[in-house]
């Protein structure tokens, strides 16, 4: 059968209108997000130190990348970021799943629950960091007082001068702020599961445990995946929380890659080197995001008739 | 056994409520506790309440300025990205043209950009345009996350509207633009409102760009102002917490008023997959 | 009002799926044409292409002689009633009715006048200030109808407008629609998957399958002379019985055999005249070949005079092919006890419908049961042996390979 492709006037008109609608937004996004990305790459190939303008802006090739890869501080920042991402996302997902199941089972107090879930998510991260800094403050901190009373830490324990202990309030703050969000996503996924499936499984003789592994988990898998990838990307670019909570200290022992980059750019004003760090952050995120689009993008963007 | 099973979720939910709200409660209580008592052993129930910290915040520190800055920047960002994004989202959701999946993937990709990756060129460009430390110098960078967010959310909302309504309007003699104005916009007001609220929240809370592209207190946004609050000799916790409460208040009000909508908007994109 | 012409209209989706294939159809001014077919047959695509909501990939569409193939829907001056009604949920009934006029910049006075007239005609006056959500299904349907009637479009399009109504209301509204068509004398194109709706409403019905038109003819013509096996099976309820028969020549013409069924089609002009048989004026008597054996069935002549020539030609052609599909509608079969019959079998299931009953008859050598509509008074019990007699002037023959109707 011969296939005749004809672009009719109506289709062309519609496509023209569509582009007229799409282009302004797309142009803005390209201008403020995409063009700068190219700029960052270009910048990263140059020596550009705003404190030493007399050096000019010579092209140095991949020297900035070489410097980063040879710098122990870079590697430890990368390790911090990776460790923080893995630990906090693991806690958030498991806790979030438990909470979602509990929320799905509980009927009373929906309004209050929603508030308790949404408020931590909605408050500025900066404020969240301050709250937890205040609660873990050595003198007045309520968390400190409670932990001391229980005997976990000695009275007057100073969290923020210990390289490992300083991570505790950071992870707790992140878990506090984002677990509810994860729970919310998973709860929506749970509520999408047809209750008749559970009834059918019950009639088929499946006990609660089997119903969880045979129905809940497989059907919740897409939602879990979304939450996982969202959270991973988000945790990997952690900045506000640590900037305010510890400033990367003591020393650089809680410094994530984004804070290192920020400092290189806006404290040391080494734009070439900082841009190279930016590109590395971007590349890592890009690889993570690529996984996201491959796993979910198809179903999200391809759902046209 | 059965009773235990029934109690576990209830307990977990109660724990969630306590854990979620306690830090906020604690900050609120501490912000009205006199400075001298802040550093004594904490007690759950506040003793004497004072408004000292708030008075200091607004009288000495002029906290009105960051609030105004945040309102202007977040408001302008929201207005711009929702109005421009709505057209784009409508086209992506409903009109037939080539390259749609590519555009959606592009928008999705940009929404996952780490902000730090574009700080350096933005700084250089904004400096050249003399936009460092100005409102436009913040709104423009904010569009990098606001536009993808609005487009993504609105595509979801527009797709939920029954296509037959638009077809009916066209049969009744309305053109595409007319249909958009008469049918789509009124029907998607809830979706537009939700999108606007979420965009506003994200813009209000943004920190990295605001920290990078402002130079002085006269252009600091609320998060930057609070983060850079450190006093000369000691941490002014009372004022910091008062500021934290002030910074959270608008957000909390929005959340209170639009809980249901926000949950819908947040989960809409995720559940489909 | 205007005539609508589809001139070799086709629609192929980018993925290669053919939704419409070379559709040619002339809808006369004032005619009500019903597109009917199973889901996926392309009937909705055809309607939506006339509406302008879909763009054909080939061919032309003319309305009132103007080529509108590239005209956007809003400029075609058609009115459409959607399956979901598509009432604007944020507008009141009044605003919904006024919308098409407002879009065409009608003067205020005229809008009010027309809305009032339509509201009166459809009994919507007390509902004018309600929103669609506050209406019942039937009321919504009437508002959708009203929105189409409020101006005088060149034609009305209906996309399964009754499928969301409950059965009683559907029959009632169907009659109202027929009345409306008579009163407006409007050109109407109507899509449905319900063959009964198609039969009762259409001046002409167009049966579609896999994007192609199978037959376009007045309802009774389609019923009496279906163009192919698909149309024969789709139109009429309960559906036609089909027998895949072997054809052999016999003394007077051709003989069709299929398991326990044997039918002789006489070709000679001297074939016996029909005798009276209860339930249908047609002949049934032992053929010249006589009863071969009860198991092989009993041969009967095709003897309706008017049909003789046809039967002769068909039989002659069928004989050459060797196989033919015989189609008989359940209403055209009479149950007999003893005596000569075209086929014999036992009753499998009886479905009483009240006025009549559907008797399923099991026959040796056939996988499917044969459906027979019998009067309710006829007492049948399961496993009872019965004979079937086919009404001779209502036999349908189809090509065994192509399924096309075999005619002289």
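Letters A, B and C name the chains as they come in the text, with residue numbers starting at 1 for each one.
The criterion applied here is as follows: a residue touches a chain if its C-beta (ideal position, glycine included) is under 8 Å from a C-beta of that chain, and two chains touch if they have at least 3 such contacts.
Predicted model, so just to flag it, every value in this text is computed and none were measured.
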item: Contact graph of the chains (line, ring, star, complete, other); value: complete
item: Which of A-B and B-C has more C-beta pairs touching across its chains; value: A-B
item: Averaged-CA centre spacing for the pair subunit C and subunit B, given as whole angstrom; value: 59
item: Euclidean distance of C-alpha centroids - subunit A vs subunit B, Å; value: 15
item: Where subunit A touches two or more other chains at once, by residue number; value: 11
item: Residues of subunit C whose C-beta touches two or more other chains; value: 52, 72
item: In the complex, subunit B residues that touch subunit A; value: 5, 8-10, 12-13, 16-17, 19-21, 23-24, 26-27, 30, 38-42, 84-85, 87-88, 90-92, 95-98, 100-101, 103-110, 112-125, 140-141, 143-144, 147-148, 151, 159, 176-177, 201, 204-205, 207-208, 211-212, 222-224, 226-227, 237, 240-241, 244, 247-248, 251-252, 254-256, 259-260, 262-263, 266-267, 269-273
item: Subunit A-touching residues of subunit C, taken from the complex the two chains share; value: 10, 12, 16, 18, 52, 55-58, 69-72
item: Complex contact set, residues of subunit A against subunit C; value: 1, 3-6, 8-11, 13
item: Complex interface listing, subunit C residues touching subunit B; value: 51-53, 72-75, 77-80, 82-84, 86-90, 99-100, 103-104, 147, 157
item: Subunit C contact footprint on subunit B (complex, rising order); value: 162, 164-165, 167-175, 178, 182-183, 186-187
